């Protein structure tokens, strides 16, 4: 049993942390957020130059061949800096899915382009309730809802109900006819898009076996979930540290407010949540590629519950303990709050995972 | 014990309900019902409609032009207004400075200011908080120096809610820097149009502009705008803080928002999720209990009579539970719609009701911070009620 | 709207409080608890002499004709003193049920005897899961589980499945053949019994209309639930007061522990629970006789949830704030803790009522 | 990072599992598995069985006859013992006084006491707490006056767990009443058979006799039973308190009890209740997380090496969460059976598994009070980890 990271892993994390500290300051991020696209191609190219876009790709395709642990370290560092670029969607989930589903030709064409930052590929999976995406004669129609970073994608990986009533995965060029992208900012300053497809031309990616395709999408999203957990821990780490500092410096009634025992105990509770969340994010990274589907999902649900509850508790109390300052757009704290709020609701909220865990535990 | 309202009170409720149903403009109601921020004109329009009916100062005694309602009638009035989607009354004039003027103002001050408050002709804001002071309100640093018939004021106020709309600000200022903390404070009324007054927006985490910084640089304030005696301002300030806490539980608003939560949850099919349904039930039950607790406090205050009108420490119970309930409702509404709560300021993405739920959740985090943080309220309970 | 009690009501409450303070001290109670029957017939007679056994009975039958509000006041006072005698079972629930179900003859025979303390009548309703009570040819067989104060009853009111598959209510003399009473103490120092019936002779009490009988039992139990809520509030009142006093007097680290802000805020939270519980107990008293069954049960469920959660929070934290002393049998505090624990589980626990409330609210 | 145990550790686990499976007497296992209190003989029998195998001092180094296990091996050992229903090791001798003797005792003291602890021949109890002291352990009032080769001890200790079984008690006594609080305390070993030692039971709210008052009246204690130097006892006391917190999270026990909860809930059909199922899932998840947190703390301690063996402030995290989880499990077990949790000390009412659930819930309230209350643990976290 060993909780240490290797020197390589530490070096990778340091690289990304330095990048965030130097090239992704809060002011820089604000300017990017307020820009028209809401993300920066220059930053994206910088990440490509750092090599982190290639992290999860096989070495055959210009990748580094790393896995969820390294991804977690990178995500944690990006979390603290509240990266607005589509790392999770385009550098974690999409490559994981392509590797599992697509032909060798497709992989050869797209994976190196992902690694160099030349192409951004994003999975569009969740259907809008009223208009699920369906395939007829190789074209897609329907609506995908709140696709994270869907607006900046060059290529969309779209799940759709086929004519045979199965789930298929299709590649859709975002500029193609019949593709309408409604791009918008989300609460946490990131971007998402609703994607309306009207008889849009699409290329079938999967081999046409319903179960295998669904499982591949699930597997990619599970890797994404573990990465999201690591991002959350990175943000919570920063949030707890900033709140502790605030309590030490902020004076009221003639002393630092960190002297008030009720606030001390609240901070202790926040630390308890953080450490439990950190433990579960390690577990999530180690188990997110477990081929035993039920065991994997049970563990990931446990992680998401722990981390979702920590997100909520830490975010709410960090704002509360900062008082009015916590409510302002001016401090990064309120932006951490919003990202933690969004994370809690992403890939299934706490109630969803708590109930899924209960079901899977009972069946086990 | 009888928890029913009297026949007279029920008739009064019907009268209010009819009036609001008829007179509340639809565009204002729709905004309120969907959690959209109101602008200055919306608030003023509604205040003037109420004023025409003689209800411009719901908590005011008859001698100052108010309807002279009992606490129960005021409660019914606010509950019906909230249920129907009427704007919350802007309290800075009606519920904060007005009672101070009535209790401590000169007849000239009363005549100058009170009618315009009731008529919706002048908008007030509060100049208590200062940067760095937080819950420690008595640590006032803004200085006022007497110079003949004027005070010259320098300093900075913050968290000034809706200060961007205000015509007047009531301020705590330090007039005797040598005196100990609570002493040496005076209570001044300052015209926002005075030279040297600058309002700068503070954008909050929901992207909204509700609060402001107010900078005061060599602002000349007529000495006639001093409330009561110089250096006794803390007395008036505390009196005001007591009044700020009337209707602090926000029962009417919480009921309206709970109904909205239940509509949204039903539309999203979330009531079939037993955990979600239990969370909704929990907040509904908490609100049922708080409504009775609120009525109990109201009854005790009525029984205590007119002379002791400012709410006692029991109001802290109402503040804590009331804000927790309102926050829980916004959180559940956001969770009920899931992903479609995330689009930011997008009216036309996802279901209509989803548009303001994410920002609504963020915005209401303020409730447990402002108006005396919930931690301060627990200090009050433990010290004033429990004697610890 | 009026939250004041009448002078009559206040006088009644004072009478019972004085009785508890003078005649039902903690030492006296301990002796009664440790006695063989675990309750005191002398105390019961004292209560009869005070008139409180007649509280809920019609004046025609020697009663005072009072209702749930007065019962609540009495129960609150008994709660603080942790009365071991079967007041709730025999002076609240049983008379309410008899009045709704039984013939005039039966009422004339038994109600005056209840009022004078000459007879103790107890409802035995909940079946043991494995052996529900059934009626065959006028005799009953089966097992009733954890019947509060079943052991001291002269007469049992036993619900049973009749030969026609309906619910009937039967009077069974506790000394009759085929009636085996297994009497035992419960966690809270009170008594309960499992009642095993083997072809025991029984007299049908109800008119034989299934729905009306079930509704009468429910109505009586709902009156009991409101009374139980009032008892809980009486105990919690005493518990919060005792804990506040303890924090003021107990010194640690050179000051009363009530100076520690974390403990102050915990006490504030306890007070919040108490006041919310008090509000709901008033509502429960006012609505427990509402003929609208759905509305009544919805309100009572809300009350039980609020009060059950308050029981748990106040009991656990009162012990915690008392430290080791809270764990001792020596202080009445730990006995309040146990009674509050038992109350939370009586007549349906918090989860049960929370879900029933959700169902009824949705249907409303 | 690798959260798997090594091959050697897994082999060790199998060895422990086999041994416990073979050697643990069935009557003891049945008691543990059903939450029945163990008596002195049960504990001693198991200690002797372990001793015969050479495992009598699981945390002890080889030089004192222990197996010299790594922290991971100790963890595995305790987890396997707990899972199989073995008694919790009585820590007062093995984990409290023994480390003190090893670190600060004279060779004579070590030879006199350590072997009998390991062999289950002498039972120790703890004489730290005094009436009225609570969490403020340094406020020792028990006096020891040196008189030639003896100390004469007078005072009272309380909350002495299983003191009724003890042969020896280690005591904090005040030897210099003039010195400031933490100074002037000495650390004495007292034979419970000495004249003047009286043990009086304290019955707890579950009706059990686990803790005691120990009265010391003119008790003569040989000066050879002093640990270290006079008036430096607080140093040794703090050292001991650090060691008390090894395996503080109680993961193994919690896992066993969680399994029991799930069996009971399934038997009662309570897992069909979505709210109850969610509560069980919540505690299961909390325990999964705590197990990893515990292993992380263990790994950090192992990495820090032998010299810094006492657990750091991180142990406070384990104490708080571990006790909360154990308390939650007992509460859910009680709620799962409902009414049949209420019969008091009745083995034959209701289902077999129901008999001790009510008292079990009551008993475990102690976990958040004793061994440093959870409030004290939060003070430690905020001061030692967060630096507030």
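A few points about this structure:
Each chain carries a letter (A, B, C and D) given by its place in the written order, and its residues are counted from 1.
Keep this in mind: a residue touches a chain if its C-beta (ideal position, glycine included) is under 8 Å from a C-beta of that chain, and two chains touch if they have at least 3 such contacts.
Every value quoted in this text rests on a predicted model; they were computed, and no experiment measured them.
Distance from the centre of chain A peaks at C, each centre being the average of the chain's Cα atoms. Chain pairs B-D and A-B differ in how many C-beta pairs are in contact, and the one with more is A-B.
Between chain B and chain D, the centres computed from C-alpha atoms are 53 Å apart. Distance from the chain A centre to the chain B centre is 39 Å, each centre being the mean of its Cα atoms. Mean C-alpha positions place chain A and chain D at a centre distance of 43 Å.
The set of chain C residues touching two or more other chains comprises 260-265, 354-355.
Residue positions of chain D touching 2 or more other chains: 274-275, 278, 375, 378. Put simply, chain A touches chain B in their complex at residues 126, 145-146, 182, 184-189, 192, 194, 250-253, 257, 260, 262-263, 316, 319-320, 323-324, 326-330, 334-335, 337-338, 341-342, 345-346, 349, 351, 354-355. Contacts from chain C toward chain A in the complex involve residues 260-262, 264-265. Contacts from chain D toward chain C in the complex involve residues 129, 132-136, 158-159, 202-205, 207, 211, 273, 275-276, 279, 334-335, 338-346, 349-350, 358-359, 361-362, 365-366, 368-370, 373-375, 378. If you check the complex, the residues on chain B that touch chain D are 274-275, 278. Considering their complex, residues 1-6, 9, 72, 271, 274, 277-278, 280-282, 284-286, 288-290, 292-293, 295-296, 299-300, 303, 317, 320-321, 375, 377-379, 381-383, 385-388 of chain B touch chain C.
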